[in-house]
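Read from first to last, the chains carry the letters A, B, C and D; within each, the first residue is number 1.
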């Protein structure tokens, strides 16, 4: 089945641009604990308020290179907010966020753009462009990096095959089912061989079989060295994975195992 | 807990307008099999194509008044399309749809508006108005019926309490978490005491606890006589309910139990 | 119940305006500017017309009378002229007066008149036409009528100036019609399209309203009210700005080289009202058309 | 690589235009209409100016010469007049010619000239000014200069007509400036706001592009290209329509009552180019400003 292809496809760390590539070169695809750079995501005393609402309070978290972390918690716990902060789509009220030792509080706009090219994000609400086809939506993530057309086409086809959407390439997002849209969002996030993959409720609209496929896909990507953070409410589905799980409740980390 | 309040709140069949109220008056909140009107939803040889795509093929289905039906199936099976057809948001390519013995192929625009006031729909993509508050979004479903302001306010508060969102009444949808938005969509669908409740993946963004609460809520509504059709991929969550389940695959009903 | 619904719609419209501020400000601005341009154009056209018609005042006519005409006849001719709606007799020049005038004109060369035995010059009536209305009459027709009368020898008026004047007037009329027409069409196009764009940005809202069972009118009415409010506001604003401009112009009188002072007049009351009503109608009808486009659910 | 990027942007822009047809057609239409209105205004203004200047032709000047002036002096005066850029000597009227003319004018009354012993009338040079350029000279200054010359007795020209003429010219100039300025501002406002609305309807697209790591320029460039394409198209379209209008007018000659035939001229080459460039700039800059508004992610 398609997912086996991932083995050959994913080679993170290849062709890293600028600042990001310097400290973060993967050592044979494994992370080394003693290396300062090995802490890919570091959050220090992070707070995020929306007006009077406190979405996150005093979050301290380190994610090592190549880790696979689950963030769970009830609806409104702050999972999405946490991922958005890590992605630099939202600024913290206080506290520090270091991605690959780069402080997001002090990052320039253009460096943030560069960073985002190496971080894949599966948005909870997909965020697909309705006026572009599925293929164009996925290709977009590579277009912004200025890759060559043939490379973009190859990668995009591959990525769509991985999420089982090869035959919907020319469809427009609004004509897709919920689960199909979600898979386009996943394809777009993984097409660029991200160093970090942030996935927000990536299987909320998928049936159990597809969910299992996607989890397998993530595992394959993870095995290539990609750091993965998945926010999900469906704890039980991932339970067997035996990975590190962080439980949020009302903006606080209540369990970490 | 809040859900207990549902017992008192929901009294479907009260204040039905026009044509709809005639044949469909509930008999002591129970459906009677021998009554022609008791078949609330009837689908005959239903086909739906989107261009070359066949989303539904030859669907035959009758749902009795007061039934609780699950529609499951893999992503892209046609669950959403089926519900949208029943709701009159989409026209079938061929075949007949009768809702309360009204043929949707021949219904006038204004009758369709009337029908929709008595059918609640929880959309898979929520379809909330971003420029209106949560309260206004829910109240909207009653405003269109021309109800009195005080009644609308009372019902809206109640409905939001039932989905555990009382404290988010004045928030705007874009500032809500995915699960919160989904619950607003649910509140809007049930606020009008619908005769039929169509819910498309209503718990995809909810944690297991909330999912259980929502199922309990639906059960309570069902017990008052409302006909409910829920499309969901998470079969297992509802499995214990012992309700009728229809499994779609590639647009066809493959299992009906 | 009806009243409740209307107050609901009005609240809805006002809230929508608040919630879609950017879009509404742009829509309002466009309408305001469009109406202001049209108003300014109309204002200038009307003033230009008035000024040029004022110059019609300089049209004068000399009615030369036969020698030895009886007073009765002369008075008859004079009263006929006076009966013309805008004509006025500026003065009566006797034969002697005419000679004196000629002498004055000849100046140093006046000596050549010394040798005259009889006065060869005729008496005449100098006719002027009232300011602003001079051209309602056809001077040619008047000339013909007068020349048919007994006692009138000849009628002269400056046909050259009149020709130019008439040309200018028809130029203003035709030019005004062309630009005015173009402006009108352009404004209609721009305003309705801007409204279309403002509503386009809210087509999702329309779809959702339809999905929760709103009737078409329930959806449309707030949009229409918003359009009407925009029309009212931009109409009032444009007229106010136009009046302020007029006020400035008419107090700080503008002196054109050798043309003296222009007296501006504001748009006549009916025109201003018409502009206002047109602006409200534009907002309403524009919204009605635009909102209709997005009803496919 | 740069080239690849640019071809990507161009393809992107064209695809965006296709995908957002409604919005683009409206934007294009608005720009086109706005530019057409401005172009028509400019066209009419330029033609009006030309016609009115053409009337300057009717300005003529009589230079009365002293009796017994020598041929040499007379020729000197004549050649000085000819040296003026636009002046031309229409004819030379001798003393005898002047008397003949007076006799003709007096007609029946000419008898009174019989008693003259000497010819009291002066010889004169009749000067006319070339079509269209008459007003570049200051007749007053010419008059003064001539009167200082030996052998010139008096210089007369119709100051009344000139006054009106100058007034009209400054009216056209000031009026043109006011309407033109207002029109310009109005068009700028409307077009930039329409662009703002068209981009507003796509602000989600901008947000998503930023979220997948696009640089600001990567996001902006297609919008700018779209704006430029709109500017180019609407500029060309407006000029074409304007030219068609001109063509119609100039073949189907328009006869105004008693003003004869108007000869229309098209916008001078540079003006047309300027309109075109302004339209492209409008599209570009409008998009640049508008797209900047929606960069908050």
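Following the convention adopted for this analysis, a contact is a pair of C-beta atoms (placed from the backbone, for glycine too) under 8 Å apart; a residue touches a chain by one contact, two chains touch by 3 or more.
Everything numeric here is computed off the predicted structure, so don't read it as measured data.
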item: Longest centre-to-centre distance from subunit C, chain (CA-based); value: A
item: Centroid spacing, where centroids are CA-atom means, of subunit A and subunit B in whole angstrom; value: 34
item: Inter-centroid spacing, subunit C versus subunit A (mean Cα positions, whole Å); value: 68
item: Inter-chain centre distance, subunit B versus subunit C - centres from mean C-alpha coordinates, in Å; value: 63
item: Touch-based graph of the chains, sorted into line, ring, star, complete or other; value: ring
item: Pairwise chain contacts under the document criterion; value: A-B, A-D, B-C, C-D
item: Residues of subunit A that touch subunit D when the two form their complex; value: 87, 89, 109-110, 113-117, 119, 121, 123, 127-129, 131-132, 140-141, 143-146, 148-149, 188
item: Residue ranges of subunit C in contact with subunit D within the complex; value: 22-23, 26, 29-30, 33-34, 36-37, 40-41, 44, 48, 51, 55, 106, 108-109, 111-116, 120-121, 161, 163-164, 166-168, 170-171, 174-175, 178-179, 182-183, 185-186, 189-190, 193-194, 196-198, 200-201, 254, 256-260
item: Residue numbers on subunit B that touch subunit A, as the complex places them; value: 50, 72-77, 79-80, 124-125, 175-180, 182-183, 200-201, 204-210, 233-236
item: Complex contacts: residues of subunit D adjacent to subunit A; value: 1, 4-5, 8, 16, 19-20, 204-205, 207-216, 218, 297
